[in-house]
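Two complexes come next, and they have one chain in common, chain A, joined by chain B in the first and chain C in the second.
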Partner chain A sequence: MKTEYDVIIIGGGATGAGTARDCAMRGLKTLLVERADIADGASGRNHGLLHSGARYAVNDRESAAECIGENLILRRIAASCVEPTEGLFITLPEDDLAYQAKFVECCKAAGIKAEAIDPKLALRLEPEINPEIIGAVKVPDASVDPFRLVAANVLDARLHGADILTGWEVVEFIKEMVTITGVRIRNVKTGETKAVRAHYTVNAAGIWGAHIAELAGAHIGMLPSKGALLVFGHRAAKMVINRCRKPANADILVPGDVVSVIGTTSDKVPFEECDDMKVTRREVEILLTEGSKLVPSLASTRIIRAYAGVRPLVADDSDPSGRNVSRGIVLLDHSTRDGIRGFISITGGKLTTYRLMAEMTTDLICRKLGLERPCETAIKPLPGSEKEAERLPKKTWSVGQKAAFGRHGGLVGEMDFKSSEEICECEHVTRGEIAYAVRELGVKTLDDLRRRTRVGMGTCQSSFCVLRAAKVLAEELGTPEAAEQLAKDFLRERWKGIKPVCWGDQIREAEHMRNLYKEAFK
Partner chain B sequence: MQETNISPANLEMCLKCNICTDVCPMYAVNPAYPGPKQAGPDGERYRLKDPEFFDAALKYCLNCKRCEVACPSGVKVADIIAVNRLKYGKPSHPLRDRMLASTDFVGSMASPFAPVANPVLGLGVTKSVMDGVLGISEHRTFPKYSSKKFVTWFKRHAAEQEQFPRQIHYFHGCYVNYNYPQLGKDFVRLMNACGYGVKLLEKEKCCGVALIANGFGDQATKQAKINLESIGKADTEVLTTSSTCSFTMRDEYEGVLGLDNSKQRNKILLTTKWLFDKIEAGEIKLAFKEDFKMKAAYHTACHMSKMGWQQYSIRLLKMIPGLELTVLGQHCCGISGTFGFKKENYEFSKEIGQTLFDDIKAAAPETVITDCETCKWQIEQFTKVPTFNPINILAQAIDFEKTQTLNAN
Partner chain C sequence: MKFDVIIIGGDPKDAAAGLQYIKEGKSVCLIAKGGLIGVSPAERIEFASKGGTLLCSDEVSAVEWAQDGTVASLRTANLVGTPLEAELYVLASGRFVSGGLKADMDRVWEPLFGADVQFEQDPEKWCDDDFFKPQPFEKFGVKTDSDGRVLKGGKPVANLIAYGSIIAKQ
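For the complex of A and B:
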């Protein structure tokens, strides 16, 4: 690791990882600093929806146009993270069908291919939707795996020479007069601190960016908005299902890998809660009631988890009351805005537009550095998403290998599948995939491993794989004695998501898990 | 909030405990088989995402349903596997599989030529041709075809059957019809002793178990519909002398073929269950020959234990004073119908059955008794102990006249 960089990026979410990749690809000496793990914040706590932009078409044409542009790019460059499920906007009898016409028109104006179809055809395309629908529009929505998307960006940034530091937080900015020349960072676990310097420091810390900006001496008016989601045990529908009305609670159901995710809610929360989001009973009720209107079978489908993320909503700089919120991309050059040089904030936006946000940020840095280097992130595929990956001989593969391909695309070539032993059986994660993740994807805890591989994300929520996974991870990390602690931490983390939805089959599972480990971890 | 969770085949009730894998006879001998949990509920979540996750190794499932018997959560593990095999599986040897599956068709072709067909099928040269060309294990001998079909025999006796005051329907199945009419005749004799005349269904087709196992779901569905219609029309219960025929029509028609058999299901009974219930209710009495003596061992067929009906056969057999009966431990015999006939499965089939064969040898019975015809073939091949259906034994053991008198009114 160096001590001098061109750029330091704070935040290992999609935006930070994308910016690190873009900067590194343009030849900048880049460091990414993340206090926890990549995709640990809002980037890993959302729907996993690759917006077509249709949701924003009526109210925010600019965002809608950005979304469809990025949607088409990511289908190519992040093929291994995107599943082209397509989406439907359905109108229920209680909704105003007149909205649909306006919606289709606005989609077209934003460049989104939206096609009103016969409700009967919609039911044929997706038999699980509410059979009482009175209208349906087909849109190019897709499902995107946010964990793998961020991991692929981080990996590619590293392959282009970037340094990645997870488990380090920024505690102080190093300032020379009005210029920020670096940051002091602290190892979250050991408390060790060190200084790193760079020409530019990028704040890509999502909702935590407000705090980062304060540290740098700037103020960004941010409004934390909590969004809660529920995970169902298997795919309840194969397409993205949206409600065709003014955006509201629980009106999007997304098939995320092998599960279905319904969300979200929208509630203002104080900053203190952002580090420890808990889903309430009321939120679960709303999600379940409203979700069942989209897909009736959700009313009786097992829920394996609830989780919540925080949207980094940014108050419009032009509105002194701070009440007007900008939903678009917010790129702040603090030298012109606040007179602080060497500091840039990138926030707002969406998971779908992360690449564009990274491109805008990197363009600004290059401009400031006087470099003319074109952005290539829209044309060069992410690792694992290369065209050749599609031609791999999948027919002869084991289920574990196929599942790993679904998660890592062409990178399966770097994994060892000689043993088909599955560590996590729900999600078909083999030992070879875990070894690869530890070796190449910067895994330190079982929760990190989960974000890279889906370990423990299945219906048993790690009841049966936690000990095996902890042992393998501890061995791969070279600290076999750490296995028990790794397992305990992970079980605690899993329990947090199970607790709000603990009934039906899930309570049986939880009881089973409790009985297993109350003996094991006496 | 949600009071119950509902999922296809109870997929999501799976707690991942692996008890099913622990009892799976195939998993124990074949490392290429991922086991029922992986093949069933675990694999299903991924197949729902993309059928590409279908694993060809699912062909190794014996459909013995032991996983479902063991599952503490009520997951229909084997149904999930069977449905996927029908949806995505491809026959490894289309001609052979078609031939093995079409018990009805092959039986009706072979029966008239039985005197020729039987010795020819038994010839070494035929066997090696079938082994090489068809992939049917040369270690196997087909059950002999009868030169006279059960149905032909029955037609000549149908008029006498109508004379009985009480009537019962019989679903004879392919094996009784083409290979072993004696079992059907024993059934008729037993029913007559109990005061019942026997009627056949308006139309009877093979229950379809071999079609389902070999991937011919459409044909199985066609035949199932014909059977369900006939059974629906029958004005009495419909008895079988095969645990697998009963099980298939009661459970597989709904769970695997997705047909509604709710009106017919409770009418379809195995004879031993029906008879036991009638005796318990005091409606039928049996009298046994005083000089009947036999040392036998009872083997519970997998599908018997799936239905939970072995107790009826065992307790019925235990009523026979001269029968010394050992009840064997519940181990799969390994044949699984047509599965064991396939060349590539022969060794697995033999290995799975080994515990049972050893137990039989240790018990040293004169005969083995089981409710399943394919278990019979397997046991006879590997232990050389003659094997019968409980109905054969009961028909032999009863004092016909006395029983008839007891049940006269």
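For the complex of A and C:
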């Protein structure tokens, strides 16, 4: 690790990771600092939806146009992270069918290929949707794995020379007169601090960006907006299912891997709650009731988990009351806005538009540094998504190898599958994939490993694999004595998501998990 | 078919309880939903050789009630046409994992006899935040009187006792 960089990026979510990749690809000496782990905030707590933009077409054409542009780019450059499920916007008898015509018209104006189809055809395309529908529109929505997407960006940033520091938080900005020349960072585990310097520091910390800005002496009016989601134990539908009405609670169902996710709610929460989001039974009830209107089978499908993320909504600078929220991408050059040089904030936006946000940020930095280096992130594929031919699994592969291929694309070539030992049976994670994740993807805990490999994310929520996974991870990290603590921490973390949905079959799973482990660590 | 005791359960403790009744000279039928998990072959042979009746991989499908509010007989999924009668019925069907108790979003019930169930009314309080702490839902269970008889509608059922983890804890 160096002590001087061109750019320091704060935040290891999609935006920070994308910006690190873009900066590194343009030859800037780049450092990314993340206090927890990559995709730990809102980037890892969302629908996993690659928006077509249709949802925003009626109210926010600019966002809609940004989404469809990025949607088409990410299908190419992040092919191994995207599943082209396509999407439907359905109108239920209680909805206003007149909205559909306006919706299709607005989609077309934003450049989104939206096609109204016969409800009967929609039911043939997707038999799981509510048979009562009176209207349906097909749109190019897709499912995207946010963990894979962020990991691939981080990996590529590193391959282009960037340094990545997870588990370090920014505690102080280093200022010379009115210019920020670096940050003091602290290892959250050991408490060790050090100073790193850079020409530019980018605040890409999502909702925590408000705090980062305060540290730098600037103020960004942010409104934390909590979005709760539920994970179902099946792919309840094969397409993304949206409700064709003004955006409201629980009107998007997204299939992803072997599960489906319904969401979200939207409630203002205080900043203090952002670090420890809890989903209430009331929120679960809303999600379940509304979700079952889209896909009736959800009412009887096992819910395996609930989680919540915090949207970083930004109050419009022109509105002193802070009530008007800017929904689009917010790029703040603090030298012109606040007279603080060397400091940039990038926030707002969506997972779908992370790459564009990174491009805008890196363009600004290059302009300030007087560099003319074009952005290539829209052309060059992410690691694992390179060639079409490499995106086909081989017939002779083991189940674990195919699963790893689904997660890492062409990178499976770097994994050792000599032993087909499966560690997580729900998600078919093998020892070779874990070893690779530790070696190349900066894994320190089982929760980090989950974000890289999906270990413990399946229907058993780690009931059966946690001890095996902890042992293998501890061995690969070179600290076999840490296995017990790794397992305990992971069980505690998994519990947070099980707790709000603890009834029906899930209370059976919960009791079973307790029976297995309540005495195990005494 | 008539027995002195019918036990609805099927873990080692239930088998041991069955054996105890047999030693007291009772005829015993044990209805085990699964396959008597954790009960060794030797224990099974002992149970059967002493006259115990084992209905493995079977479950109670219906309960018939007598006029006086006692249990008259049971039917099982495999013996639909044969009512099973007993002097004493032992409800040992466990908590949630084995299906002795069922829960939906805000309610817990005992599905076979409709026994009175003690549970936390506020579902937000069913679990503790910490996985490793005792969980409130682990105290849920059927209510019994001081003789271990199961309560239904607030009154004890004279010939039905609860046994094992299905009993509510304080």
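Of note:
Definition applied: the second predicted complex is superposed on the first by the 516 of 522 C-alpha atoms of A that agree within 3 Å, B and C clash if a C-alpha of one lies under 4 Å from a C-alpha of the other, contacts with A are read in each partner's own complex, and residues count from 1 in each chain.
Heads up, the rule we're going with is that contacts are C-beta pairs under 8 Å (C-beta built on N, C-alpha and C of every residue); 3 or more make two chains touch, one makes a residue touch a chain.
Since the structure is predicted, the reported quantities are computational estimates derived from the model, not experimental observations.
In the overlay built on the shared chain, the residue A:495 is in contact with chain C alone; chain B does not reach it. When chain B and chain C are set side by side, the one touching more residues of chain A is B.
When the two complexes are overlaid on their common chain A, residue A:515 makes contact with chain C while staying clear of chain B. Once the two complexes are overlaid on the shared chain, A:81 sits clear of chain B and of chain C alike. In the superposition on chain A, A:464 makes contact with chain B only, while chain C stays out of contact range.
When the shared chain is aligned, no partner comes close enough to touch A:110: not chain B, not chain C. By the touch criterion defined above, A:507 reaches chain C but does not reach chain B. Look at A:415: by the touch rule set out above, it reaches neither chain B nor chain C. Residue contacts after overlaying the shared chain place A:274 against neither chain B nor chain C. Residues 284-285, 503-504, 508, 512 of chain A touch chain B in one complex and chain C in the other. Within the complex formed with chain A, the chain C residues making contact are 95-97, 99, 103-106, 123-124, 126-127, 129-132, 134-135, 137-138. Of all residues in chain B, only 1-7, 11-18, 34, 37-38, 42-46, 48-50, 52-53, 55, 73 touch chain A in the complex they form. Residues of chain A that touch chain B in their complex: 233-235, 238, 255, 257-259, 284-285, 288, 297, 299-303, 394, 398-399, 402-403, 406, 422, 425-426, 428, 458-460, 463-464, 503-505, 508-509, 512. Chain A contributes residues 280-281, 284-285, 488, 491-492, 494-496, 498-499, 502-504, 507-508, 510-515, 517-518, 521 to its touches with chain C in the complex.
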